[in-house]
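Look at the two complexes coming up: subunit A is in both, with subunit B in one and subunit C in the other.
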Partner chain A sequence: MVTFTQILINGILLGSMYGIAAIGLSLIFGTMRIIFLAQGTMIVFFAYVVYWAFTLAGIDPYLCLFIVVPLAFVVGLGLFYLLFRKAAALEDKNVSLLLAVGLMYLVENLILKIWSATPRGLNISYSSATIVVGGLRVSWLRLALLGLALVSALVVNLFLKKTRVGTAVRAASEDMEATPLQGINSAWVCAVSFAIGIGLAGVAGAGMATVYSFDYQFGFTFALKALVALALGGIGNVWGALAGGLILGILENLAAFYIGIGWIEIVSYGIFILVLIFLPQGLFGRRGLVKKV
Partner chain B sequence: MKLMPDFSNLNRRKLVWASFTAIAVVFLGTLPFYYDVHNGQLGIFFFTVFIYGIVGQGWNLVAGYTGQISLGQNAFFGLGAFTTALLWVYGVTHTGYWFDPVLIILSGVTPIILAVIVGLPLLSRLRGDYFSFGTLGMGMIVSVLFLNGGDLTGGSEGKLLIKYMPEGVAFNLRTHYWVAFLAAVFATAVVYFMTTSRVGLALKAIREDEVSAASHGVNVLKYKIIAFAVAASLAGIAGSIYTYYLLHPMPMNVFAQNWLFIPILMVVLGGTGTMLGPWLGALVIYAIAWYGDKFFAGWHPVILGVIIILVMRFLPSGIVGLGDKATGLSRRGSAGRG
Partner chain C sequence: MGKDLGKLNTTHRVDRGIVLVPEGRRLFQTLTVLENLKLGAYLPKARASYDESLERVFGLFPVLKDRANGKAGLLSGGEQQMLAIGRAVMAHPKLVLVDEASLGLSPILTRKIFELIVALNQQGTTVLLVEQNIHMALKICDKAYVMKTGSIVLSGSGKDLLANEDVRKAYIGERGSRL
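Presenting the complex of A and B:
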């Protein structure tokens, strides 16, 4: 039983990473209608930034959040206006998809060229600090990760529900063609949601740097896992995306323990396809939303 | 490359394209007679262009003509490659030929089986983006299955085919060139005849408006699966031929993302939903990659990323669509509709 609970807890912690990434994907998908395949690679990129900020300048990864997240936001805005602005307005979504793929190739291989293929992982003074509750060991860092995911979801949710731009983003994900008719600047809406998506990649990057060892190739798989989490939770639902991530994390840890590490991918993508076929609105999504996709 | 001149509706633009195509086909078809394709660089250059182009031509049929964006072509390519490798290693067909036509055909059949098995649930229930997601997941599953296949598939090491080469056969790229060229002609012909026949009309009707197509008596699911299966088969054949060049298929290289994204890039650059587009795109992209690698050795993937970004940023409507705004209309439906 203790093992099972331990697996559950580890799963939740892995899942919180998926969750953060999935929220970012969800925002970008909502407005631009593409799977932003470079999301995972951006996460890895920001993980490297956090890693080097700690290794070279001794900046604490959690303190670094206050640098990396605004940086990621600005990078997101820049990328959008530089690359995606024109493509986002096209009806042919292949262009945006390929731009994301190109970005993925570019960033992934620049990381390889600049920082080599050696897997990196941080070793901070409090890395090994754990809390023991009833025989279960939970490291503080992993708990902090879950906290990070919850705060991210809360902030994004508040932004979507309480701000004017957030309302516009929601409107755009309901019906992009109607947004200009309501006097909404659709490019700006896309830009903001894209920038927040990349900002979340910054959050996830910092989280990844503290807990996991990562290398340059990690990104693509991670983006796909985030996509699975998103489908599981239901597209267009912030808390759903987070919950999807948590569920996926738990399932993967269970699969690794009971079936074998090599079969994790089969389980997660198998679930992915089953969900797409039989439950396209996801576990927490609204039924009506899928018809528009 | 093989746009048949349609004399009943002859106009200047078509004539230009047709003569251009004829010259290209004659040039490529006779190249080995006056050029050493084994030692010269043009041989391997065009061989690779043919392989990528065949995969692209198949994707073009699904995405460009039918409007279903498949993101699983690498799975079919890898499946074709492994079909050839495994049947060869285990000597199933007992033919013992080099470039065994039976193996190549069978490698075109297994992807069809997978495409129908996967396509039935995916295409009957999923549309637009969800179909893309599903094919992406399918690709990952298939590659992981081969990775976990143990001794049967060789796991991550794949199968080393050199020691299974038939006796008395010399590895000569001339053969590769011919086979790939014929397969390229075949792929284009298949797509040409499919798109100009009743099937093509049905596919285009589905792309433009699925509901309307269904209400006009088009069996939407049937035609979608036909297009998906033909595209899968072409990718499998390309994978099979490429295996004869690689001689060491591993999950890492035959299921690589390259076999998914680069053909898509080539088609989109050339012009989706056009017959020549994939070939123009393949030629241009691979030429850039080729020279990029020559002058900046080792930076090849970085250059590829830059090319993808630059092309999509500044030439999103492709080469064929350049200077002809009208074709913009025919490209409209390729996004997730429905």
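Presenting the complex of A and C:
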């Protein structure tokens, strides 16, 4: 029972990372209607930025959040206006999707050039600090990941529900063409949701840097996992995306323990396909990746 | 207004006081009634008169006040049309373009919507109505234009056109029109 609970906790912590990434994917998909495949690579990129800040300047990764997240937001705005603005206005979303793929490989090779292929990880003084509750050991750093995920979901949800631009983002997710009729600048709405998506990549990057070791190729797989999480949770619901991530994390850890570590990916993508076939709207979403006709 | 609008994009046109109530209403169904109205007053100028506009909309359409926190998609067809017009009013417009307000509505509801459009007009907002329900439209309008393949073939006051033999034949079911 203790083992099972331990697996559950580890799953939730891994799932927190998937969840943060999935929330970003959900925002970007809502307005731009593309699966932003470069999300994982952006996360890894920001993990390297945090790594640099830590090794070169000695900045604590959690303190670094206050630098990396605004930086990521600005990078997101820049990327949108530089690369995606024209493509986002096109009816054919394949152009945006291909741009995302191009961006992914560009950033991946940029990382390889700057930081080499050697996997990196942080050696933080408090990384071994654990909390023991009822015989369970949980590392503080991993627990903090769950905190990051919850705060991210809360902030994004508040933004969507309580702000003017957030309301416009929700409106645009439903009917992009009707937004200019209200005087809403739809390019700006896309830009903001994209930038928040990249901002979340900054959050996830900092989180990843504290707990996992990462290399330049790690991003693509991670984006795919976030996509599985999103399919599970369903689009149009921030908490659904986070829950999708947590569920995926738990299932992966259960599979690794009870079936074998080599089964993790098979279980993940098996779930992905089953969800798309039998539950295309996801567990909690109003609308899935596949639009019902 | 006397200015060329051809080069202005939609956002600027809305800012200059021209708002469209689109065919099929195009409400944001998953948002609440109030959120739809808030989006109507999205631009800074419109937002400045938000409270006043909201009071005006709720005055015209009291049912929207009762349903303010319900999802727009759960409103009935007539209520949705009211919300679409209300959302346009929130932009504090000089001119409201209404495209096919009677679409999908019963005759009773159409009459009701038309009464509300008249009320809106009497408050000082110009309304340009594009409407298939000729009879009702001509009854309420000051000026009317009949268009055929993109050009105006007939114009006059609503009363004149309602009395016009060709109009009656072409659109109100009498035989032998030249239009």
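Just so we're on the same page, the second predicted complex is superposed on the first by the 286 of 293 C-alpha atoms of A that agree within 3 Å, B and C clash if a C-alpha of one lies under 4 Å from a C-alpha of the other, contacts with A are read in each partner's own complex, and residues count from 1 in each chain.
In the analysis below, a contact is a pair of C-beta atoms (placed from the backbone, for glycine too) under 8 Å apart; a residue touches a chain by one contact, two chains touch by 3 or more.
This structure is a prediction, so every number in the text was calculated from the model and none was measured.
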Which of subunit B and subunit C A:98 touches, first, second, both or neither: first
Which partner, subunit B or subunit C, touches more subunit A residues: B
Partner chain in contact with A:181 - subunit B first, subunit C second, else both or neither: second
Partner chain(s) touched by A:227 [first = subunit B, second = subunit C, both, neither]: first
Partner chain(s) touched by A:262 [first = subunit B, second = subunit C, both, neither]: first
Subunit B and subunit C contact sites that coincide on subunit A, given as residue numbers: none
Subunit A residues within the subunit B interface of the complex: 29, 33, 35, 83, 86-87, 90-95, 97-99, 101-110, 112-113, 220, 224, 227-228, 231, 262-263, 265-266, 269-270, 272-273, 276-278, 280, 290, 293
Complex contact set, residues of subunit A against subunit C: 164, 167-168, 170-171, 174-175, 177-185, 236, 286
Residues of subunit B that touch subunit A when the two form their complex: 63, 69, 121-122, 125-130, 132-134, 136-138, 140-141, 144-145, 147-148, 257, 261, 264-265, 268, 272, 299, 301-302, 304-309, 312-313, 316, 331-332, 334-336
In the complex, subunit C residues that touch subunit A: 9-11, 14-15, 19-20, 22, 26, 28-31, 35, 38-40, 42-43, 46, 87, 91
